[in-house]
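The first chain written gets the first letter, and so on, giving A, B and C; residue counts start at 1 in each chain.
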Amino acid sequence: MKSLRSILLPMGASLLAMIIGGILVAALGYNPVTVYGSLISGAFGNGINIGNTITASLPLIIVGLGIAISFQSGLFNIGADGQYWIGATAAVWFGYHFNSLPGWLHMIVCIVVGMVAGALWAGIIPGLTKAYVGSHEVITTMMMSYIGILLARYLIEGGPMQQKGFNPQSPEIVQNTQFPYFTQGLMQSQLSLVAVAIAVVAVIAVWFLLYKTTLGYQLRTVGLNQRAARYAGINVKLFTVVALCLSGLFAGLAGAVQMLGVDHRLLDGFSSNYGYTAIVVSLLARNNPIGVIIAGLFFGALTTGGQNMQMVSNVPAALTDVLTGLIIFFVACERIIPQIIGWYRRRRTLKSTTVAS
Amino acid sequence: MEIVDLKKWFPGVKANDGVNLTLRAGEVHAILGENGAGKSTLMKMIYGLLEPTSGEIRFMGKAVHFRSPREAIHAGIGMVHQHFMLIPALTVAENVVLGDEPGRIKFNRKEAERRVRDLSEKYRLAIDPTAKVADLSVGLQQRVEILKAFYRKAKLIILDEPTALLTPQETRELFAIIHGLKADGVPVLFISHKLDEVLEISDRVTVMRAGKTVETVETAGATPQSLANLMVGREVVLRVEKNAAHPGEPILKIHDLHVRDSGRIERVKGVNLELRRGEILGLAGIDGNGQFELADAIAGLIKAEQGHIIFDGHDITRLTPAERTERGIAYVPQDRQADGLVLSFDLVENTILRDFRKRPFAKNGVIDRAAAASYTERLIREFDVRPPDASRKASELSGGNQQKVILAREVSRDPLMLIAAQPTRGLDVGAIEGIHRQLVRLRDEGKGVLLVSLELEEILSLSDRIAVIHDGRIVAIVPGAHATREQIGLLMAGSHGHSEVSMS
Amino acid sequence: MKQKFLAVAASVLALTAMVTGCGTGAASNTAATNGSNATNSAGTSNGTGTTNGKTIKIGLVTDTGGLNDNGFNHLAYVGMTNAQHQLNGVSTSVVQSQSESDYVPNLSHFAQNGYNLVIAVGYLMEDAVKQVAKEYPKTDFLIIDDNITGIPNVASAIFQSEQAGYLAGVVAGLVQKNHQLKGLNTKNVVGVIGGQDIPPVDTYIAGFQQGFKKEDPNGKVLLQYTNSFSDEALGSQYAQNEISQGADIIFPVAGGCGIGAINAAQSAKVYAIGVDTNQAYLAPGTVITSATKGVDTAVFDTIKAVQNGTFKGGVSTFNLANNGVGIAPLMKGVPQSVQTTVNQIKQQIISGQIKVSTTVQR
């Protein structure tokens, strides 16, 4: 009965969002059937669109995994966006700077460098200051995120990574580090089997790490009850740093994968906001790595579908955002609100017990 | 009021399965039962929060069916919940009249205060109507709840576990109030799981077990033993049976230990203490005198500021909690939900909390769930944890069963020493008995047991020696066999009059 | 955990269910666009019918700045809308890119659905256009502010906005030197605010500096970059800063961020010069003139060329000579002599007598 309810509720929520959105769209003089039809066909309508949806969801899934790790460890990594771009920047630099390495090795080097860069960006300053001086990770990760993005921006806007010429962009990474596309026919979707494989491996790895290893056990214990963790002999400070490092590691991995698989160079803009969307992805998935796949695909579908909605039904972009936002809101309300309440209560009871003792 | 064969079935659970009860005018009637015996369900039905599956409630001679608390209040039933339903920001008078305010549109504060003052005089419930509820002690807040009931013209007062949050002093005051009500002819239904309170305050006792009322007895003819047996359904050992201790070598020596709490306040101010193998050392003291900080410091959860802890011949003062665990220190922490368990973890994950790094639970950093689960199932069987389901979350267990899980985990690690802080707090008779038996068993196996408790009864009945802590210092150590309640009580309060008996 | 997982799955299912439930209209719609271009289900034709029986479909892909960037995205849209209204048989569609990774999918989407011309706004799309144009050789592409060469189906529009900046600088220099507007101080300082230190911004600024110095060699040009094209408050802050240093004509080249600067100039009762498009409407009586960049013209012309079958790949340069850049009419109150000088200098630039550099003086 409970499981039936948990299926029906989000379905009802999506439906409700579509009805409300449909009324809105009709009131503005568009045909709701066309509008929502274009949303769905844009996301899943044909092979290319499905490819686009998967491509769009991969960074969300991988960053989402990192966020899930931090949430499960009781930490709010708000700065995954900066970690993503730092990972991307590092991967791109290695990608164009060296060209004598064999292709597969070069690819691996780029990915590893991206992961390490992201991990350090989250682990060094936010992690260590959280663990040893108690500065709040929401502030520090956020600030480091701004710094990371501005640094990446500087590097390509007159900085050492700017390509020769006048455009603010980095040189393209060498050909043999670029992921091969899925098939020739799906080339337009930029879907790469390598990127998909990395994401799948990452999901399995995170799931295994969190639920099957002593490392994950300790992270979750720290996340759920720090006092019990101390009682269990867990080094809470160490695992705070480890958790933020791991979280940043996956954000950095996402950056590297996106650069090697899709963008091939750093472009000015830095407006993807994967780090922020991934927070919602992770919350929607209840910080479960397997759920992150579904939630990531859901958001990927809304992105590609939303852009198709603009192209096909000619609704303005702002309205597209409203319509997709409605769906997210209704689906999320049903799932996130009880979580936030629960989280708040836990924090409060924890606080009051700490005060009382 | 009369309750006839009342039943409430939830899907899969018979919360109440045949409750019979007669409440006479002007009597204090106690309902006694273990946690989960169905007391709360019964209350909710009387108060209109739940609808009975079958049976009947009669009130003032008529059958009643309350569909909401409002109807119950209207009929004259006053309920004082365990957790108060007051608005802290409002005054006493405002809280009492809330929902039925004097004055038409404009709230007549003067009138409200006058009425509340009259009521408090009539029922001898001294309170200042203009005081803010947030500023009141728990005992006074409870008084406001009782006043609220009378303001709504209650003809019957139900007190649900009223002493759970009260200090001993406040409990005395509450009992005085109940006696007053009885003198005024107001019937009181007093719900509790504490034997001594029930015996002290009630005229008659109805014992509930597993959703049924087992028996109603006159309190005058009841003994703690008879009531406990009725509650648990079998012969219960109230007084812990134990043989003479055979203390061996010291297992723990503490020299001049100083400890500060997280607020940098010095809580332990130079403690010297020795615990031997094969003895239970009771650490008695009034709450806040450093006993729990001392326990935490021995377990390694708080750093020692100064001094030494020698365990099993080695100085462990600088070791991490994990290293101390390895050397054989088991610890049942004071706050089982905040320290001892991860409530969202299942029992398997909680069982390996102390040993998750070691074989057979983990190999090369990978947890062997199957090994952990079979170990957990064994402990569940041995310690009779209910429900016997290893995949349950710790939060789904009752307090007694949570404590059983902690104790099972700590004891089964085959430690050299157990620190048990408040091991039976909030538990009912049956669970307390089991835990006490475990402590004695450990002692008889030659382990050292340090029992830290605020319950003097518990200390007195279990300890081979009693150390009394006051203001962060051990003021006396008394042999358990000769100690009296009065003597320890005086020492706990800081009087040094009996220090000549120290150092047995 | 399984239930939570199912719950998310269910919400996706619910979405998919909508495809089958009410998506039939959409499906046929897509089929139509995929097939021939007999129907123009996507896009809003001007409805006056098609003169030669053929409707051309134009798709516009903005960069991540979006349509309301008060800059080239907006101007490209204006040009496309003008074409739709003024030319027969043009249907249009726009998509705003949310991230850099969207460029390729968005460009391909239009190409794949048989659009005749796909307009990519901004040099950031250079790689994406190159890639997609090779895959869809039958579709024509126009990229703004970039110079792609060697692909026959790609036209690039570049703008010599330094020429427009130069004329704006001349206006500023003249009114400063002779204090020809009410309330100008005697310090002869003008303030420039750049959105970012990038070529499309810096060309304007370089021209402005040279024009100003030509007319008022002793005047001073302040220059700051906001590193934002959207934050109005920031633009206003920078403007106030420059005004406090004595600047009484502000020239912001910073998109939406610059609007804040113009507003700040208005409240401080000093003057401003608009950019990209005639921004006099923002603050009448404050905006002396605007240095304009004919992105709309370029887009309009290219659409027209596609319709007439005269589309040519390669780089088109837009400058004063072909009215691709210019300055907006001067504000009321500016003496006629200024207009006269501006006209002379314009001719000198067109004839090559004056060469305008694109390098910013720092």
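To be clear about the criterion, a contact is a pair of C-beta atoms (placed from the backbone, for glycine too) under 8 Å apart; a residue touches a chain by one contact, two chains touch by 3 or more.
Nothing here was measured: the structure is a model prediction, and the numbers come from that model.
Averaging the CA coordinates per chain and comparing them to the mean over all protein CA atoms picks out A as nearest. Averaging C-alpha coordinates per chain and comparing to chain B, the farthest chain turns out to be C. In whole angstrom, the spacing between the mean C-alpha positions of chain A and chain B is 46.
With centres defined as mean CA coordinates, chain C is found 73 Å away from chain B.
Chain geometry summary: the mean Cα position of chain A and that of chain C are 32 Å apart. Within chain B, contacts with two or more other chains are made by no residue at all. The multi-chain contact residues of chain A, meaning those touching 2 or more other chains, do not exist; every residue touches at most one other chain.
On the chain C side of its complex with chain A, the touching residues are 1-19, 22-27, 29-30, 33, 42-44, 59, 63-64, 66-67, 93-102, 104-106, 108-110, 112-113, 123-124, 126-127, 132, 135, 146, 196-199, 227. In the complex of the two chains, the chain B residues touching chain A come out as 262, 292, 299, 301, 320-323, 325, 331, 333-335, 338-345, 349, 353-354, 356-357, 362, 365-367, 369.
Listing the residues of chain A that touch chain B in their complex gives 212-215, 217-218, 220-221, 224-225, 227-235, 350, 353-354, 357. Those residues of chain A that touch chain C in the complex are listed here as 2-3, 6-15, 18, 31, 33-34, 36-38, 40-41, 43-45, 48, 52, 55-56, 59, 150, 153, 157-158, 166-169, 172, 187-190, 258, 262-265, 267-274, 284-286, 288, 290-291, 294-295, 297-298, 301, 303-304, 307-308, 310-314, 316-317, 327, 331, 335.
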